[in-house]
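Order of writing sets the chain letters: A, B, C, D and E. Residues in each chain are counted from 1.
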Amino acid sequence: MCPVLAVTNTAKNALAMGLATAFVLIMSNLVVSSLRRYVPKQVRIVTFILVIATFVTIVDYLIQAISLELHKALGAFISLIVVNCLILGRAEAFASKNGIYRSLLDGLGMGVGFIMALLCLGVVREILGSGSLFGLQLFGEGYQEWIIMLLPPGGFFTLAGWLLLFNWLAKRRERRANSTGKESIS
Amino acid sequence: MNSDPLWAIFLNACLINNFVLAYFLGICPFLGVSGKLATATRMGGAVTFVMVVSSMSAFGINSLLLMIDAPYLKLISFIAVIASTVQLVEMFIKKMSPALFRALGIFLPLITTNCAILGLALFQTNKGYGLLQSFVYALGAGAGFTLALVLMAGLREKLELAKTPDIVKGTVITLVLAGLLSVCFMGFAGLSN
Amino acid sequence: MTLFSRKTFAHGIHPPGLKDDTKGLPIRQFPFAPVLVVPLSQHIGKPAVPVVREGQEVIRGQCIAQPDGFLSVAMHAPASGVVRRIGLTPSITGRMTSGIFIDPFPASTQEVPEGTPCDAATANPEEIVAAIQQAGVVGLGGAGFPTHAKLKMPEGKSVDTLLVNGAECEPYLTTDHRVMLEHSDDVFAGIPYLMRATGATRTIIGVEANKLDAAAVLNAAIPDGAPITVETLPVKYPQGAEKMLIKALLGREVPSGGFPLDVHAICTNVTTTAEIGRLLPRGLGIQERVVTIGGPGIKNKGNYRVPIGTPLRFVLEWAGMEENLTRVFLGGPMMGQAVSSLDIPITKGSSGVIGFTSCESSPLNDSKHYPCIRCGYCVDACPIFLNPSQLGLLAENGEYLRMSEDFHLMDCFECGCCTFVCPSHIQLVQHFRIAKAALRKAKVEAKAKDDAKDEPKPKDEPKAEAKAKMLA
Amino acid sequence: MYRAVVGIGLACGIAIVMVYELTGPIIRQNKIEMREKAITKVLPGATTSAAFRLNQSGGFDPVPSDNEGDDLVFAGYDDNHELVGLAIAARGMGYQDVIRLLYGYSFEKQAILGISVLESRETPGLGDRIETDPDFLRNFGNLDVSLTPDGAELANLIEFVKPGEKNDPWQIDGISGATVTSKATANMLSESSARWIPTVHPKKEVFQYREGVE
Amino acid sequence: MKRLAKILDIRSSPHVASGQSVDVIMFNVVLALLPVTAFAVYTFGLAAILTLATAVASCVGTEYALCRFTGRETSIGDWSSTVTGILYGLTLPPSLALWMVAVGGIIAVSLGKFLFGGLGYNPFNPALVGRTVLQATFPVAMTNWPATPVDRFTSVPSSTLAWPFTEPAYDAVSTATPLASWKFEQEMTDTGDLLLGTVSGSVGETCTLLILLGGLYLVARRMMNWRIPVAILLTVALFSGLLNLSNPKHYADPLFMWLSGGLMLGSVFMATDMVGCPMTHPGCVLYGILIGVLVVVIRVWGGMPEGVMYAILLGNAASPLIDNWIQPRVYGTTGNQS
C-alpha cells in the first residue's frame, strides 16, 4: 500500500496508479500460475520478483509512451509498484497454488479492489484540495482550495478518515448484530 | 550530473522530504515497528545501514547499466542487487558480530521489501547523484527514517496508556500522528536554500 | 543549637500544619473505657500469643501475651480487670483480628507494679534488645515496626549515628511535640539504651522548626558530656520518614530496597525513645500511649494518655464530636487510615484520632476527577523521586509489573505527597497500594506454584486479576 | 532448477527489450514534443528547434534533439526558419525541492522572453504560482539581460524585488505570499543567465537554422 | 452513634489535599490571557473580537458535540477547550475569514485532542495543531496581514466575512510582519514598537509586555513551569546572538528575535502547556533548548519567516522521548534507572 499513497492527490493519478498496479497484478498472477509447475520451490520468490519487475518495467514504458505528463506526475512511484506487498502476496498466496483461470479472476478482483481504494483517496483529496474531479471544476470560481489535501499530511489524514469510517461501520454492524442476536434469544 | 551541496542533500532527505512523512515510503515498517521505542531505534539503525549499503551498490549497478546502455534493466537489477545485498549483509553480520545480528537480525528480511530502500535507489538515480552524494543522500534518508520512527514510537508508547477511543486505536491513530508529524516537518521546508 | 539549618531533603510538600489547636495543651490522662480490647497484632510481624485465659484477673501492666518469635512483641494489660474473652475484633486494616477483651475493675486504683529493671549502663546489647521486646515497644510514630528488631545488629553491619525523630511532620498531630516538652528526661533516659544496643557513638535529635520550644527544652536538658545534638529542620512533609530524615540530618541516602543500617544510621521516633526511657528502668510494658485527639470534628481537642485498647467509640464520645462528623482516621491526615468501624481500638501505633466534618472540603472527596494532565506537580512532590504520574497511568491500565520493574513502585512508602498535590484529584497512593498488593499476591502465588509444580493449576494472570480487583 | 530460473530470466529480458524497442520511438517522440511545447512557450513564435551542446572549447555542437542534459541549449526557429532565440535550462533549490525551468533568450532584444517550469514540487496554490500567476509571468515578457559593451558579463544582474516595486527592466517582482519560490526562481535565472548569456551571445551564428538538424 | 457508624466515610489516605484543581488552573490561564486578549481587541478592533469569538465558540462547540456524539460526559467544564480556543484565536491573522477560523477550531479540538482521548492524552498542543493544519490548508489566507484601519471598531476587513468555502477577497493594503520584512527585505522594526505591539502580526502575538505579564501571573501562582520559557528565550538569545556577532548585517539581533513574531506567546503560553511538555525539570530545560534551537534554525534558514509553532510542535513530539530519557533519579539509586 505504502508508495501509492503519494500519488493519490488527484483522482486521475489515483486511477492511473490503480490501473498500472492492477495490470501488473493480473499479469503476474497469470504468468506465475501458468509457470507454477516449472518453478522449483527454492527459487520461487526470486522468480516471482523477476516476473513482477518485468511487468513493472513494461508498464513504466507503456505509460511513458501513452502520456509523458502522466509519467511525470507519477514519477518513480510506478517503479515502486515492485515492492507493493499486495502483488507479491497474491502471487505467493494464490497464483502459485491455483490455476490460470482462477488466478486471473483473483487478480481482477484484487485489482479492482485496489483501484477502488485508491480512487476513494484520490477523489476526496482532489475534491477538497482542488475543487475538481478528474480535472473537472466542480464548484464556481470562488472555491477556496484546501491545499493540505494535496500535501502528504492530507494523504495520511484521508486514509485515517476512511479507516475510521470503516471501523465505525464495522462497529455499528457488530453492535446491531449483537442486539438483534440478543432479541432473538429472548 | 548534479551539483547540489552535500549538506543540502542531507537536510533534504532527512527533514524536508522525509521518506516516510513526505514520500510515504516505508509506511509498512513505520506502522508495524513503531509501537515500542527500543525496537524502533534498532529498526532505524538497521534501515540506515541497509540504505547506505544498497545505495552504494545501486550506484555501482547504475553506472554499469549506463555503460552498457541498457536503462531498461534498471528496475530488475536494482531489486536483485538490493535483495542480494541484504542477504550478504545478513550473512556477514551473522559471522562477524552475533550480538549485532541478534539486535538487527529479525529486521533484515523485513527491510528487503521496504519500499524506502528501492525508492532511495531510484531517486538517487533520477537526481543524478554522484557516489559521495548518494552516500550522503542514503545517510540522510536513513537518519530521517529513524527520526520519524523514533518520534512516532515515543508518541505511541505514551498513547498506549491513554484513553484513546477504541475505534481509532491502532492504525487510525498512527496515521493521524503521522499526518501531524508530517505537518510539523513542513516547518523545515526551505531549509536547504 | 542551630536555628533554621539548611538541612533538609529534596522535594516534599508543605501542607498546612493545623497544630495550633492542640500543641499548647498538656498531656492528660484518659479515663478507662468499660471494655478494653488489646489486639494481639499491633505491630508488623507475627501476632503475640496470649498467656491469659478467659475469666482470669489481670493487673495493669501484667504481660498478657508473649512474643511469637523474633519479629513479635509482648502485650501488657492496659488496666486491672477481668479477661472477658479472647476473640475477634475489627482492626484498622478492615480485617478482623483476634484480641483480648478486658473489663477493667471500676474501683481499682490502677496502680502499676514495677518489674525487673534493665540498667542502660550495665546491660549488654542482647539484654537491652530482649528487654525492649518484652516491654512490647514498637514504633509509636505509626509504623508499628517492633523496635527491638531494628536494634539487633546483623553480622557485618554497624551503626555510627542514632537519629531520634522529632519531626512530626503530619498536620494536626502534636503527640511528639508534647512528649518532647513534658518528658525530655524520658527521651534522654531512652537514648543510652538505644546507643548501647546499636553501638552508635552519637545521637542527633531532629526537630522541625515549628516546634522550637520543644527543641529549646531538649537542648537545655542534654545531659553533660552526652554525644547528643538537637537539630532544627525546616518544616516540610514527609520529614519524619526515615529515609527523608537520614537525608536531611546526615546527607546520606538509604539505597533503594535497603535499610537505614546500610548507611550506618538508625532511626527511632522520639516518643518511642521516651517510652523506652520510661519503661525499661522500671521493668514495665506499654499499657497506654499519648494520642492527639483533634480535627474539626472533635469538641474537646487535646493530647491524652489513652489506655491501649480503648475503643474509638469511647474515645469519640468522651472527647465529644460535632454533629456532622463524617470521617475519622487514626494517625495524621496524610498517612493515617480511615476508620470503618468505631469498635476499632486504639493501638500502640495510633498517634492521633482525627475527626473531619462534612464541611471539610477535601477536594479529593468532593470534586471531580480529571484525567492526568501531566502537570508534573507529583514529580516535584515525590520525596523519593518517583514519577507518580507515569505510575498512575500504568496502574490505570493494570501494568503492575512494569510499575515495579521500570518505575521503582516498591520504593514508594505511600507518604501521599503526590495525591495531595494532584490537581486532577487522582487517588495515586491508592492505585499504588492496589498495585503493590496485587504484585505481592502474584509473587506468593508464583511461589506456591513453584512449590507444587506437579499439580497443574489454572493460570492466573496477575494483570487480569488485578484489573478485576480494580473493577470490584 | 537453474534452467527454470535462467529460462524465466531470459523470457523476462526478451519481454522487456521488446517493449523497450516498441515504445522507444514513441517515448522519444513524446519527449521531443514536450520540449518543443516548452520552447514554444518561452520563445513566442518558435515552431521548431534544435539542440546544441557546449563543448570543451566553449563552442557549441549540434546534437540530435532527443539528447538530454543540463549542458544543452535549444535554438528555436519560426516558420521561416529564422532564429527566434535560445531556450536555456536553469535549476535551483526551491521551497520544497529542486526546481528546473526553461527560459527563452532573444538575441535581438537581449532579453528573456518567457519561462516554463519543467520540474517543481512547490506547494500547490502557493509556490506553483510561478507557473500561473499572470503578474509574475509578466516579469519575463522582456527581462533585460543585456551585456556590458565588452560583452564579458551582464550589464545588470537579474534582481529580485518586493512585489510591486519593479522599476528597472532587469528586476523581477516577487509574488506576495510565495516569496521564497519566486525569489528562488529569480536567483536561479540570475545565476544561469550570468553564466550562459555571455557565452552564447557572441555565437549567434552557430545557432542559425541548418537543414537536417532536428 | 449507630447512625454515625453508617455514614463514616472510608477513603484511602491522604485525607487532605492542596486544593489545586485542573479547572482552576485552566481558568487561571484564561485570566492570564485576558490582558493580551484585551490588547488584541484594542489593536485590531471588530475583526479581533469576531475572530476570537469564533475560535472559542468552535473549540468549545466541537468539544461539546463530540462528547455528546460519543456518549461521554461533557468536559467543557474544565475550561481546557476555552484555553485552546483563546490561544488558537490569538495566533490567527486578524483578517482570516471566519469560516476558516471555525474550520481550524474544529480541527484543533477533534484532531488535536479528542481523537487521542481528550484532555491529558493529546501529544500536541491542540491550539497549535489547529493553527498549523490551517496554515498548510490555507497558506495564502494565513499569511495575509492587513494594515489596521482607523475605523477598526466599526468595520471589518472584507476577507473576514467571506462565505464559507469561498476564497476571501483581500483588502489591497497589506503589510509585512516584522519577521517577514527582516527575512525578505532586511528591514528592521523599531524595538519600541515591538515591545508595545504596534506592529502587524497575529491577533495576540504583538504585545510582548502583556504576554509577559500574563506569564508572570501564572508563574506566581505556580501554574506554569518557568524553566520552559526561560530555556527557550535564553537559547534563542544565545544562538541568535552568536549568529549576530558573526555577521550583524545578515542575522538579526537577539532582542529582535525575542520580541518579534510569536516567540513570546508561544514560549509563555503554548510550550508550557502541561500536557505536551516533559515531566521533569531537566527534561523541561532540554525541551526548551530544543524548541529554542528549532525556532532560530527555522527563522534564519527556513523558508518561512516564523517557525515558533513548528518548533513547539516538534518539541511536543520529542517530549515522550525526553521523558523516556530523563527520568528522575530515584532516591537511593545511583544514576539513571535501567
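Going forward, a contact is a pair of C-beta atoms (placed from the backbone, for glycine too) under 8 Å apart; a residue touches a chain by one contact, two chains touch by 3 or more.
Just so it is clear, the structure is predicted and the values come from calculations on it, not from any experiment.
The minimum number of touch steps linking chain C to chain E comes to 1. Of all chains in the assembly, those touching chain C and also chain D are B, E. The most central chain, judged by C-alpha centres against the centre of all protein C-alpha atoms, is E. The chain pair with more C-beta contacts between its two chains, of A-B and B-D, is A-B.
Set against the C-alpha centre of chain A, every other chain centre is closer than that of C. With centres set at the average Cα position, the gap from chain A to chain E is 40 Å. Inter-chain spacing, taken between the CA centroids of chain D and chain E, is 45 Å. Chain B and chain C, compared by their mean Cα positions, are separated by 59 Å. Separating the CA-averaged centres of chain B and chain E is a span of 33 Å.
Looking at chain E, residues 111, 117-118, 120-121, 133, 136, 139, 303-304, 323 sit in touch with two or more other chains.
Touching of two or more other chains is recorded for residues 371 of chain C.
Among all residues of chain D, those that touch two or more other chains are 12, 16, 19-20, 95, 123, 125-126, 180. All chain pairs that count as touching, in label order, are A-B, A-D, A-E, B-C, B-D, B-E, C-E, D-E. Chain contact summary for the complex, chain D toward chain B: residues 12-13, 16-17, 19-20, 70, 93, 95-98, 121, 123, 180, 184.
Contact residues of chain C toward chain E in the complex are 13, 15-16, 171, 243, 247, 253-258, 313, 317, 321, 325-329, 331, 333-342, 354, 356, 362-365, 367-368, 370-377, 379-380, 382-387, 389-390, 406-408, 411, 414, 416, 419-425, 427, 429-430, 433.
Every residue of chain B that touches chain D in the complex is listed here, in rising order: 1, 4, 8, 12, 16-17, 72-73, 76, 127, 189-190, 192-193.
Against chain E, in their complex, chain D makes its touches with residues 95, 123, 125-126, 162, 174, 176-177, 179-180, 183.
Of all the residues in chain E, the ones that touch chain C in their complex are 1, 4-5, 7-25, 77-78, 117-121, 225, 274-275, 277, 279-281, 284, 323, 327-333, 337-338.
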